[in-house]
Amino acid sequence: MNNVPTLDDFGHDPLWITIIKAVAIFVFLMLGVLFGVWSERKLISRMQHRYGPNRAGKFGLLQSVADGLKMGLKEDIMPRTVDKVIYFLAPVILAVPAFLAFSVVPFGPMVSMFGHKTPLQLTDLPVAVLLVLATASIGVYGIVLAGWGSRSPYAMLGGLRSAAQVVSYEIAMGLSFVAVFLQAGTLSTSEIVSAQAQGGTWDVFGLSIPMPSWYVFSLLPSFAIYAVTMLGETNRVPFDLPEGEGELVGGFFTEYSSSLKFAIFMLAEYVNVFTVSAMAITLFFGGWRAPWPISLWDGANAGWWPMLWFFLKLAIVFACFVWIRATLPRVRYDQLMAFGWKVLIPVNLAWIMIAATFKAMRMPDTTRGVVLAIGAVILIGAFAIWLRFDTVNQRRREAKAAQIEAEFEQLREEPSAGGFPVPPLDLPHYHGVVPEQARRHADAKEVTSGSN
Amino acid sequence: MNGTIPAPTIEYGMLAPMLVVFGAAILGVLVEAFAPRYLRSAIHLPITLLSLLISFVLIVWQWVEGVPTKAAAMGAIAVDGPAMFIWGTILVLAFVSVLLIKDEGHFVGAAAAVPGSVEEEQALYEGAAHTEVYPLVLFAVGGMMLFPAANDLLIAFVGLEVMSLPLYLLCGLARRRRLLSQEAAMKYFLLGAFSSAFFLYGTAMIYGYANSLDLAKIGATLGAVGGQDMLLYIGGAMIGVGLLFKIGAAPFQAWKPDVYQGAPTPITALMASGTLIAAFGALLRVFWVALGGLDWNWRPVFYGVAILTMLGGAIFAITQTDIKRMLAYSSIAHGGFLLIGVIATGSAPAQNTSALSGILFYLVAYGFTTVGAFAVVTMVRDAGGEAWHLSRWAGLGKRSPLLAGVFAFFLLAFAGIPLTSGFFGKYAVFQAAVTGGALPLVIVGAVASAVAAFFYVRVIVLMFFSDPAADGPSVVLPSRGTAAVVGLAALATVVLGVFPQPVLDLAHSAAQSLFVR
Amino acid sequence: MQLYVPILVLAVLAAGFAVFSVSIAPFTGPKRWNRAKLDAYECGIDPTPQPVGGGRFPLKYMITAMLFIVFDIEIIFLYPWAVAFDKLGLFGLVEMVLFIVTVLVAYAYVWRRRGLDWD
Amino acid sequence: MTTHYLVLSALLFAIGGVGVLVRRNAIVVFMCVELMLNACNLAFVTFARQNGSLDGQVIAFFVMIVAAAEVVIGLAIIVTIFRTRRSASVDDASLLKH
Amino acid sequence: MPWLSTLMGVSVLGALGVTLIRNDKLAKQFTLLVSLIVLALTVTMAVQFSPNGDQWQFQENHSWIPAFGVNYSLAVDGIALVLILLSVILVPIVVLASWHDAEKGRRSVRTYFSLILVLEAMMIGVFAATDVFLFYVFFEAMLIPMYFMIGSYGGPQRAYASVKFLLYSLFGGLLMLVAVIALYSIAGKNTFMLSDLIGTIQDVNTQKWLFLGFFVAFAIKAPLWPFHTWLPDAAAQAPAGAAVLLVGVLDKVGTFGMMRFCLQLFPDAAAYFTPLVIVLAVIGVIYGAIVAIGQTDMMRLIAYTSVSHFGLITLGVFAMTKGNPGAQDAGTGATLYMVNHGFSTGALFLIVGFLIYRRGSKFIPDYGGVQKVAPILAGTFLVAGLSSLSLPGLSTFVSEFMVLAGAYRLHVPATVIATMGVILAAIYILWMYQRTMNGPTAESVKTLPDLNAREKWVVAPLVALLLVFGFYPKPLLDVINPAVKDTLSSVSVTADQAAAASGVKEGK
């Protein structure tokens, strides 16, 4: 298997090969976005019994190009109030890291490129996955700054929400990787892929049952969590709260209403989707390795073929994104946060400990008793805490429901409302505009927006 | 990346005293999370006190079993004689402080509520109390134990922070005079973080020089590595700045009065005793074990710092009109006296032992007295809380002779009058210094003591020889805890002043083995 | 270092593209001045005057940020541990259990103190 | 090669230190402190590289944690003060003067 | 039987007992009783003292703080014995004299008497300590009860006076502490026992520095010019009883300390500094007298006379140095002077105290012709005054003469000048007497009552002692002489030389 790259194989490319690879990735991503937008619209239309774009080009294939051109030719609006530098930089900060994450995604094994043996991957690092996480984190700055620099309530709230959401889900995402590293023993993407080449065997009653090699099988909980966090990280439905049209107009890019700046936001979002998909493939679906029936063919994992498998997998994962978008409604923000913090993280931690315990049990020189004891303690502890939490939460929910009920009850008795709950009518205006009545009282206090 | 990592060993038994405290702190957090509000303080108090007690018992047990001679946890933590002595002292003082803390009314119910706001009123109405105080105190105590025992600069840094961070918070939790308290917390925090950054940068430089953070290894490389002395000097100096800040030595003393004044008084008591002790332990360890070979460089600096601290503390204290600020400056001055002991170290082990045991004894004596003094401060109250202004203390001797008498006694102990613990503390340090050849410093120390005596005596004059104001503060009936604290502190001050021998012996045998290298 | 050069190349490419797109935007489109168009968009009403410095926002977000820091730190420790798990063996498992339990204590505290609730 | 990093770290540390001393906004002061801590981290990592030991990198982890804890506590304190005073200026916090 | 500890123990227990008694009157009686018991015990002990036996008698020696080499070590020689006697005699008198002093309604009466008893214990301890460290402990600890006595029960400026007193003494004490520590570490004997430390410091230069450390403390305490400024304030503000103890006993610790520690431990340094000290002492004699003449406040006046007298005592002490043939006389005289001064100044303070208590004013111009309305008061006042100016036939004369005679052998000019002090003494005493007692009776003192029974009981013993020792000082001299001889031997002047050289043998 000398065509499988290891970390030592990286860093020897001459600059021109590097440039070729980088340009290829860049072009791939740009085309991918164009194609992705089209395919998303097309797919979702089909799911909704519509045709979708079908005017520009065959099957509407050029629709994305047309859209892009249109955006380029629209007026570039820069509202008066914005912080110009930040407003200008935010899309850049958002977009660049999105591209960078792809530099460590393995597309294939070692290939010969113009006589040079080189891996089909831009580069790899001992800490490659950290790079992905790091770029994702930097992307948050773009979102926050876009919201902040816009100096408008919607953008601001959108930015904050988005930032809070992304960081929350980033924890769950980071945790979901741990089990993978535990299994693979490395953070390098190419090595994780090669670790998924061969599944272990499970020795039961003298039989050697081969285990599936992809981590999606052996580490299913991790993948499940990752799948959820993928959606959260990329602000996709059902977690597209930051740009929830219903409540926040455009969210953090409300003020980027047209022109290429908006296009960059779009681009970044799609590239991010590709990135998380690529990571999913790399970490859980065997990367560029051919799926099972094909993998029986020896040549499947050599040469340029793996790129094909990779693209296929990417397409499927992306299609799943679209499928989810077409299926699920948007969640409420508090539900979103609660899900991230109260479910994903503890479950994740518990799973990590269980996985580690399993692993420890399989290590040659450990006392199984101790490990089992630890495992039992973990499980019982987790369960006990969970029970306690559950009852408490239940009680709290009931109390809250009762309280709301009581409020309604009280309002119903108010004669003026005619049985309907009516908000108090003398509230100061939300945006700090003092109502006429209050203005007459000299001591009335103006309340600015966003004050809590 | 390749090569095996030998699994580290951790001597849980040796670290048990510390682990108990941290464990109890964590348990306390769980209590905060799960116990119903009305039960919390009833659960916290036994946990806190018991853990301190158990920890203390463990130390005694370990002491009896024999002091370890090797650093624990792969050389990261040294549980040696001095460390155990310091641990014991800190635990006892923390125990006493917790008795003070337990009194209702020192801590705010809802720290985040704006003073005078509806939330605050509601919190008061509900009788909310910050029971988080207990776990925070335990964390701080754990840090205080870790800091002086750290045999590794990184652990020292972690210990420093674990000790400081809860204290930053605790400082801001006073129920009365909220703004003052919050301001104290902020100042303490900003300056404390600033100083720990210095400590850390110093650590980085030393790491660059010695390629190790282990104190003993650093000590061994002094002089062995050539050409990078600059790193060493900068590193040593910066570490010194960080440590001296925690001690409150001049010129890094600015935070002390503000923080001592603003913090809730029981916390001030804890800080004034525990933090000082821990910081001195760490200072001694770092500068003997790691930088001992550099003493030609740091000794003159410490000389100056000690003089500045003693005189500065004593002289500034004279101008104070606030009892807590005055005690803070007094604590600065005492820090200076203790620094004399640090300088008293020499090349001979016997000399080091006597200096170290002197410092240890001084710390015990000062710790008890200072906790007692702050306990008294909590009991003298005005309508708006504790009466801090000195003028309010006028004639207290008439109003409440016993309390004033005890306080006067503490003040005399601070002043170092014979037959109080303070005298022997000062004596032990001075004696070590004279033997170590630092006679001029001792003379300055004597002069500073005389100056310091002036402001202690002034308070006595005020309490006993002035007529009480008509609307003077009232002395609250102490709770059992507070009474116990004052009684214990007074007892310790007397006993250590009349029969210091047992504690001296203990300190001596603790210092006998010096620091583990 | 060699390993990072390709990333730099890609970064330059991406940044070049992004900056180019953003800065070309004002020149490609038309320019029609309209007062209302240059106001911040608030669904048609007069825009809210923003206080200097961006104004204040709910503390809730800060709590989230702090929690994020805490857990991110946890992850920092989990990664090296996971990678070196084979070498650390049982010791690693025990220590990590202790560590995670400790973090979970803080987590439980925050949960019970409604730090995770969003309402 | 590593000298440059050390100089950079010293520079950052100095900037942070000066910032703490001259800036008046508590948050900015606080951020300057964080800058100082990160300067330390840079120094640690540089030395780790220079001395060929991994310790420095591990230390950087610890420092990050401590810095994080400091952030959490510091922000809590500053925000509380801000809520009561509507100002984060260090100068406004002057009740505790002699 | 551990006599000395018993004495101290009885006093301390008595002090505790006083605080427990709820009734003021009972407390006073109890205090008186305790002080009389102590007196009785001391007298019993003194009787058992054999003047020609060991230098140190009634020894007690227990290890106190081995870590510092400190012993709880008590013993008396003749010098210490007479000073202890002085103290325990004065205490009951003071208690009786202060019967109503603390009753001005401000402070607790019991505390006052309790403090007196505590002070008594400390006074016994400080004279009996044969361990330098122990001496220092008592030396410093003594300040506190006196501080509270002045501060709580004194005159209008009591706070100022008490703080001044405390800080001066404390400052001196701290310098002494440094010297004590240095002595310990330089001697390197791991002990503070005086007997072990004598002669260990050979280096003259070291001796000089250590001497200065001790001397300044004692000079402040004594008080020697120019360290005396606290005394007039303290004595004038203190209640009469406290003033008696302060000037009568506490200040003696200074001169006692010079004799016992400065001379014995650092003989060479003492010899070196003798001229300087004697100059200071002589200045003190003259200065104190002159300033006393100018005083209108009677308490201050007496305080300044004490400055003058202490000059003489110091002269005597420092005449005990190497090479003075009159050393023995000077030393004995100085010791005797300490005792006598205690009685005479004590009497003076007490009587003036009675006067002031009656009239409510300290100022001489407020009085006049008291003799006519209160003859007994005036009479005792005269006797006390005359003893202060060393009239022959009163005990002070003996001691003053011995001091001057002893000093004259070596320090002629100084002695001559110091003798002038006697003349000045006549001026201030007689002039004060004339202004207050003689002349036309002032309007305000017309109704002044004479001494009552209690006050007579107070004054009588003192006057009696002054007279008895004036004519028959032998018992005291017998006790003191061997002790001084022993002390001199440590100062490297052999007793034989001293005895042979001493021509005049007064009182023998």
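Chains here go by letter, A, B, C, D and E, matching the order in which they are written, and residues are numbered from 1 within each.
The criterion applied here is as follows: a contact is a pair of C-beta atoms (placed from the backbone, for glycine too) under 8 Å apart; a residue touches a chain by one contact, two chains touch by 3 or more.
Here is each chain with its UniProt name: A = NADH-quinone oxidoreductase subunit H; B = NADH-quinone oxidoreductase subunit N; C = NADH-quinone oxidoreductase subunit A; D = NADH-quinone oxidoreductase subunit K; E = NADH-quinone oxidoreductase subunit M.
Keep in mind that what you see is a predicted model, and the values were worked out from it rather than measured.
Q: Counting one step per pair of touching chains, how far is chain E from chain D at the shortest?
A: The distance in steps between these two chains is 2.
Q: State the pair of chains with the top count of C-beta pairs in contact.
A: Maximum number of inter-chain contact pairs occurs for A-C.
Q: Farthest from chain B in C-alpha centre terms, which chain would that be?
A: Of all chains, A has its centre farthest from that of chain B.
Q: From the mean C-alpha coordinate of chain A to that of chain D, what's the distance rounded to whole Å?
A: It comes to 31 Å between the two C-alpha centres.
Q: If you average the Cα atoms of chain B and of chain C to get two centres, how far apart are those centres in Å?
A: So the centroids are 39 Å from each other.
Q: Take the average of all CA coordinates in chain B, do the same for chain E, and state the distance between these two points in whole angstrom.
A: 44
Q: Between chain B and chain D, what's the gap in Å when you average each chain's C-alpha atoms?
A: The mean C-alpha positions of chain B and chain D differ by 24 Å.
Q: Name the residues of chain B that each touch 2 or more other chains.
A: Residues 34.
Q: Which parts of chain C, given as residue numbers and ranges, touch two or more other chains?
A: Expected reply: 59, 72, 84, 89-90, 108, 111-112.
Q: Which chain E residues qualify as touching chain B in the complex?
A: 64-68, 106-108, 111, 136-141, 143-144, 147-148, 151-152, 158-159, 162-163, 166-167, 170-171, 174-175, 177-178, 181-182, 184-185
Q: Where on chain D does chain B make contact in their complex?
A: Chain D residues touching chain B: 6, 9, 13, 16-17, 20, 26, 29-30, 33, 36-37, 39-40, 43-44, 46-47, 50-51, 53, 55-56, 59, 62-63, 66, 69-70, 73-74, 76-81, 83-85, 90, 93, 95-96, 98.
Q: Across the complex, what residues on chain D touch chain C?
A: Interface residues on the chain D side: 61, 64-65, 68, 71-72, 75-76, 79.
Q: Would you tell me which residues of chain C are touching chain A in their complex?
A: The contact residues of chain C facing chain A are 2-7, 9-11, 13-15, 17-19, 21-26, 28-32, 37-43, 45, 47-51, 54-59, 61, 64-65, 67-68, 71-72, 75, 78-79, 82-86, 89-90, 93-94, 96-97, 100-101, 103-104, 107-108, 111-112, 116-119.
Q: Going by the contact rule set out above, which residues of chain A touch chain C in the complex?
A: 10-13, 15, 18-19, 21-23, 25-26, 72-82, 88, 91-92, 95-96, 98-100, 102-104, 122-125, 130-131, 148, 150-157, 160, 163-164, 167-168, 170-171, 174-175, 177-179, 181-182, 185-187, 249, 254-255, 257-261, 263-264, 333-334, 337-338, 341-342, 345-346, 349, 352-353, 356-357, 359-360, 363, 365-367, 370-371, 374, 377-378, 381, 385, 389, 392, 431-432, 448-452
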